Amino acid sequence: MDINEIIKPENLVFKRTELMTDKTLSYCPGCGHGTAHHLIMEVVEELGIQADTIGVAPVGCSVLAYEFMDIDMTQAAHGRAPAVATGIKRLWPDKYVFTYQGDGDLAAIGTAETIHACNRGENIIIFFVNNGIYGMTGGQMAPTTLEGMRSSTSPYGRDLASMGHPIKMTELIAQLPGTVYVTRQAVHKAANVRKTKKAIHKAFEVAKEKKGLAFVEIVSNCNSGWKMTPVDSNIWMEENMFPFYPLGDIKVDGKIVKDLMSDLM
Amino acid sequence: MSEIRLMKGNEAIAEAAIRAGVDGYFGYPITPQSEILEYLMMERPEERTGMVVLQAESEIAAINMVYGAAGTGKKVMTSSSSPGISLKLEGISYIAGAELPCLIVNVVRGGPGLGTIQPSQADYFQATKGGGHGDYNLIVLAPASVQEMADFVELGFELAFKYRNPCMILSDGLIGQMMEKVEFHEQKERTKDFDQSWATTGKTKDRERNIITSLNLDPELQYEHNLKLQEKYKRMKEDVMFETFNTEDAEFLLVAYGSSARICQKAVDVARSRGQKLGLLRPQTLFPFPEEAIAKLSKRVKGILAVELSAGQMVDDVKLAVNGRIPVHHFGTPGGKIHSPDDVLKAIDEKLLGGF
Amino acid sequence: MAKMRGAIVVDIERCKGCGVCVVNCPTDTIGLSKEVNGKGYHYSYMEYPENCTGCTNCAIVCPDGVITVYRLKVE
Amino acid sequence: MTEEIIIAGFGGQGVLSMGKILAYAGMMQEQEVSWMPSYGPEMRGGTANVIVIVSDERVSSPVLQSFDTAIILNQQSLDKFESTVKPGGLLLYDPNGISRPPERDDIRVFKVDAAAEAARMSANKTFNMIVLGAYLQLNPIVELENVIKGLKSSLPERHHHLIPANEKAITRGMEIVTKAS
Amino acid sequence: MSEIRLMKGNEAIAEAAIRAGVDGYFGYPITPQSEILEYLMMERPEERTGMVVLQAESEIAAINMVYGAAGTGKKVMTSSSSPGISLKLEGISYIAGAELPCLIVNVVRGGPGLGTIQPSQADYFQATKGGGHGDYNLIVLAPASVQEMADFVELGFELAFKYRNPCMILSDGLIGQMMEKVEFHEQKERTKDFDQSWATTGKTKDRERNIITSLNLDPELQYEHNLKLQEKYKRMKEDVMFETFNTEDAEFLLVAYGSSARICQKAVDVARSRGQKLGLLRPQTLFPFPEEAIAKLSKRVKGILAVELSAGQMVDDVKLAVNGRIPVHHFGTPGGKIHSPDDVLKAIDEKLLGGF
Amino acid sequence: MDINEIIKPENLVFKRTELMTDKTLSYCPGCGHGTAHHLIMEVVEELGIQADTIGVAPVGCSVLAYEFMDIDMTQAAHGRAPAVATGIKRLWPDKYVFTYQGDGDLAAIGTAETIHACNRGENIIIFFVNNGIYGMTGGQMAPTTLEGMRSSTSPYGRDLASMGHPIKMTELIAQLPGTVYVTRQAVHKAANVRKTKKAIHKAFEVAKEKKGLAFVEIVSNCNSGWKMTPVDSNIWMEENMFPFYPLGDIKVDGKIVKDLMSDLM
Amino acid sequence: MAKMRGAIVVDIERCKGCGVCVVNCPTDTIGLSKEVNGKGYHYSYMEYPENCTGCTNCAIVCPDGVITVYRLKVE
Amino acid sequence: MTEEIIIAGFGGQGVLSMGKILAYAGMMQEQEVSWMPSYGPEMRGGTANVIVIVSDERVSSPVLQSFDTAIILNQQSLDKFESTVKPGGLLLYDPNGISRPPERDDIRVFKVDAAAEAARMSANKTFNMIVLGAYLQLNPIVELENVIKGLKSSLPERHHHLIPANEKAITRGMEIVTKAS
């Protein structure tokens, strides 16, 4: 059978969402940011809420998210996306407002804004792409960098005693009464992509119900920062990141669904 | 129908904001301006006009809430005092860079550092030269009465939207804490049909997406953007505002703004009663600065004394306007101490008249 | 028995040759080309087109969204 | 007419609201007014003072170093402000807790035993209104009806039943003010 | 024994810091200066000299770590770039108010807002006029070569300790990212016998407790404190530093600092080769500003062109120094774009020579 | 028996610690800050570590702590005391370094500095005086203000939906691996004062061992901010604050000793 | 049986009359004075000195640290 | 002598380190040098370029708009920098991937088939050394021994075994450079 018999409009089963612009993504080959972008836009498209959605881009590799997502977006100062989103949402309570942030952005400089937006239960969605490193600025150590992991500012590996512990922001904010749905996902494999998409759907549902904040962490690779090939980085991620940042729902409908204590200690 | 009240300057700002149809206020407590947030919370503006008021977790959060909300085309504001404004400077630079209209109130207190909570004018440079990074300017209004605290809210938003530029009301603890009578306009409804063509309100099919950003990785684009900003700042000159007192026949001129101008007014009265031909120019806009008016006067008077509650900041702008034509002196009281009319008179005698 | 036949179309100039699709294809359909595209990347292509079931795995994991998938039920 | 007044005492003595009522009354009778308090945490348990200006003309400086009238309610304030009264001006004080009474002889010095009187009336909260009455007796710059309006505007609705008591205190103050020896 | 290396400006600062016996560095990554922290981490200075290096959670944390550590009398520093420096301004105002010596490096990039990461000089006002609140000044050094990036670390600490005042190295992405050869002094041991009489090192029985604060609730005290600070800032004039090129017989003068001065040097060479009598004055200290030297030259030359990678900031200080004596023009390129020597030459022809 | 027979030097059983200066405290009558100050200084005196102790004062009513504690102290910017203490401690690892902070200072503007100093496991002590309000600036709502509680910026009572939830900072930071000893105490009653003093002793011990951060929360009244008499405010505190902020140790020797999950939800 | 007798000395000028000592005294020894001190506070004093056992409760809770306690064992 | 060089190409081609080795070699022979890279995220997958100046005199401006030599490794860079070569100057390029070759006739244009040669040598990593060799053949501003020193200083110790291969690449580059038609 000739493939041209297959490649026909009526046989189309997947194509890139229309809500991604035509610009070539600025990300490194194999970077999870791209997959995450596509998924969010797919959900916005499926829900038909392009005109009701306002996104907030961070400072980090995804600073240019507004070049790629075909929705109205605001680029926030480093770490302040949750405050920016709060400002928007409070004045436009019927819009869907989300932030898209990296781990340096959300868990280092933006810690206070993250915690307090979650604690206030702002009816926004936070997408948190955790790649354990500062990708944008050249692979420096992030608060999420694993013990012993090398980065340009921990060239001999992260030393807990002098550099502190990797932080589990998601487990922490899950405990704040303002969060309703908290989950940790990944996008390196097709099965994960499917789960993540469901999670994103769920997050938008929560936002619609205005019951509080939805928080979707996506553990992702930064192959450039980790100095690996994309494929190797995904394997390394499974072997090293997932044990410390286990995937799955943490809080659903305002109830913690995981034994956090054993996880945290 | 207008209404007359006896009010603190801070309260007047808050009441004026509700009446001006402001959409949102985001702030964090700090003396001597906490009354703004407190008054708003007490007034339940969500019931009066639907105005949103939120106490943020910090000044940084507050200014970034303003940034986000301003980017949607709404009328939003924040207020703080000196240390809090310093914390907001990254955000202010972003807002200026992204060309968003908004209102920022600084009720200045004595510095540097934690300083005092007493009135000061030592944040002039920060307000007018861009305390944050990069080449940007705020529109800076300097109220000298409780009435102007109220009036400048509406004026500030008008100018902010005219130029799509952040506007600062640079007040101080004296104007913020004093009570005077103040006349209010009738309460306006919040604007519904504002220009949102550039704002992030949700991309509809009939337009390209709107983006609020100050980033231009290509320096060539950022250069162009800066030139455009500079053009805008030049255009603002058409909105320069100032008041003069007794300048017609003045031989010597005081230049002072805000609370210091109030004190100088009294000094002029006393000096006149002594037969000294003293006049006062009071900038109401600090940016744009009334440089032409001062330059013009500098051709008629023999000397100028800039009087500030600071170690000497606005005096530089006076000097730049005068460009060496006549002597420009400075009298200032930094740190939160307030000079009295007598102190000013003494300085006039020593510096201005003594020099001749 | 009904069988699924699939095919993918890769937007070659936008492919960055990361190989994520390759390892995600359950049928080992995809390979990376010897040649490079305009940006110097070894883009992906159907090395064994007959394997493809049109499962879309490759497309949904592709960070750059450059894969379009077609599927046809064949008896 | 321009009257420049400083009122000074302890934090809890009602100094600021006394000033506010004065200013409000002035405003009610179409005068220009300003009310400038000392502010800040030093007020906590410490001293409080307020400068009130009531004038027929636009008020220029709301802060001053010399005054037509000083109303003084504790020793600290007396020490600080006695010298700031303009020659010929008025100093009114409550002698309660005053160990070194005023000494100037180029000004008019009056005293009002307001603390004692308030205690006698079992109405400590009206202490400041007794003082205000005394002042208005000496210098009736504002009319009583406007003072009552001022009172109303500065008291929350739920305390409006206290207005008669305050009015009484003002009258009492008017009666008991005496020239200091 | 000295050592010669080929290094980036940023790396030179880091290496110089280790060799100068700096006790601590606290920083947060930001382009174009992250190499400072990266180099330090790579070098394991804790083994070379015992120097402590810590990546903070934010710029605000970093400057406050510096504040704490500087208050103990140690030699500590931080570095950042424009948006990060804006965030540090509250802390910088505190440090200035509390009179603590320390070193702050700003490797400036284009603004406002997120701007670009390309070189700029648009943070001049912020650095020299006090971007933070209150009347304070930093000592501001402007290196124009990798060698000066290294040398100014030690110089900066010297001046900082001499005056008990924060010192800023105002560099930019060009000087920070370029490599040149640089000569280093031998590595020093960290100072053990520093003056800690004022520092918080633990109160011993033989002295009163030491307090680091910028608070003075009494405005009279804060006023006195401010006068003392102003006195100090005046005294700093004795440490003004600048370089001149071809000024002896110059008819026209360029004034430029840092990277722009490098570009201007080339322009002067070319102009001279064309027979134009051009000279260059390069301030090495921006605060104190070489106002006297410029005033003096303004009596000899016909016109001045201030050349900056900004929309016009230092030019104000040049004008204030010249005080109307001769025309002062400005040529600037804001936003992260770098002007070339040719651009400067064109501006010279248009603005400086065209005017005559 | 005449009391003058009792009041003799040899019968002295309690007097104010020498490590408090002679200055009259700037606090309102009955404010818990004073008691907390005395206790910390007592412990420093008992341990004989005055010369080895550096304190960090916050912005808040206790901004002037340096006027009262007779030790070297640094006054930190609002919320930044943990960073200031980190700077000091990193360069003086053998000194005892503590911060003394209010709830606005620590749990609002200083959230990021608090979380990250705890997460890095800085070998410092944090004393956290939680009075559920911004005392210094005139009784505004703090992140710790209880639901329905009135303050000058929540004059109709804290409304969870618009103003967010009261936050339990202490429970959160107890979960960070960098904290070793975490406890919540009070100082309004003699028995509590004694317990708190033990806790402070323990905190200094932990600091000595350099195993991580010790965190002592003291729930206290702000009678001025709450607009009550001191005595009434302490009763109100027992009835309203303690149920939400229960007293007792939360983490000892690096181990959580309480069921946090039930507590948090 | 041995009994404890105690006494407290209040630094009157520093006492702020908050009453915290009063409610903390297990033996109801302390009262607040009718008179005020220099700052206008009704300072605390031993209203029933014979009750005092010198337990120090009042002193350790006093926010202003103005109470000194003495104790004596009496047979 | 002053030589002002621009080297430009793709991100991964070793443009910056080629420049660094040149600068280092210049420094080794007591010359003044500067090395000014383009920097920032646009480098990620994009283009990279560096300006190197080697001179007997103090280097003034490290950024320039015209150059004595341009070493060009992709089409984008050729488009951007061809016009910046000073009349009489040198343009050296690798024809791999070049669809529109240089057109100027007032400069000396040379080409070096470095990419192809590196592939042939199965030493893709030494691509930039082949280019460097070609340049040094045309313009021996620095001595080979100093280039080797530069190599050493820019390679981490553990990669020093690669130096001979790099040396070989330089020599090869010297051999294969040709005048463009």
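We call the chains A, B, C, D, E, F, G and H, going by the order they appear; numbering starts again at 1 in every chain.
Quick note on the criterion: contacts are C-beta pairs under 8 Å (C-beta built on N, C-alpha and C of every residue); 3 or more make two chains touch, one makes a residue touch a chain.
If you're wondering where the values come from, they're calculated on a predicted model, not measured in any experiment.
Visitor: Along the graph of touching chains, what's the shortest path length in steps from chain B to chain F?
Guide: The fewest touching-chain steps linking chain B to chain F number 1.
Visitor: Stepping chain to touching chain, what's the minimum from chain G to chain H?
Guide: Counted as steps through touching chains, the separation is 3.
Visitor: Let me have the rounded angstrom distance from the C-alpha centre of chain A over to the C-alpha centre of chain D, please.
Guide: Those two chain centres are 63 Å apart.
Visitor: Averaged over CA atoms, how far is the centre of chain E from the centre of chain F? Could you give it in whole Å?
Guide: Chain centroid spacing, chain E to chain F, equals 40 Å.
Visitor: Taking each chain's centre as the mean position of its Cα atoms, how many Å separate chain D from chain E?
Guide: Once rounded, the distance between the two centres reads 54 Å.
Visitor: With chain centres taken as the means of their Cα atoms, state the distance from chain F to chain G in Å.
Guide: 25
Visitor: Give the residues of chain D touching no fewer than two other chains, as numbers and ranges.
Guide: 40-41, 45
Visitor: Multi-chain contacts only, two chains or more: what residues does chain F have there?
Guide: Residue numbers touching two or more other chains: 28-29, 63, 75, 77, 108-109, 111-112, 116, 143, 163.
Visitor: Which chain C residues reach two or more other chains?
Guide: 16
Visitor: How about chain F: which of its residues touch chain E in the complex?
Guide: Listed in rising order, the residues of chain F that touch chain E are 50-54, 56-57, 63-64, 66, 70-77, 80, 83-88, 90-92, 95, 112-113, 116.
Visitor: Considering only the defined contacts, which chain D positions touch chain B in the complex?
Guide: 20, 23-24, 27, 32-37, 39-41, 59-66, 153
Visitor: Tell me, which parts of chain F touch chain G in their complex?
Guide: Per the stated touch rule, the residues are 1, 3, 5-8, 11-17, 20, 24-25, 27-35, 38, 187-190, 193-194, 229-231, 234.
Visitor: Spell out the part of chain B that touches chain F in their complex, as residue ranges.
Guide: Residues 28-31, 34, 37-38, 41-42, 44, 54-55, 57-59, 83, 113-114 of chain B touch chain F in their complex.
Visitor: Can you name the residues of chain G that touch chain F in the complex?
Guide: 5-7, 9, 14, 16-20, 22-24, 41, 46, 49, 54-72, 74
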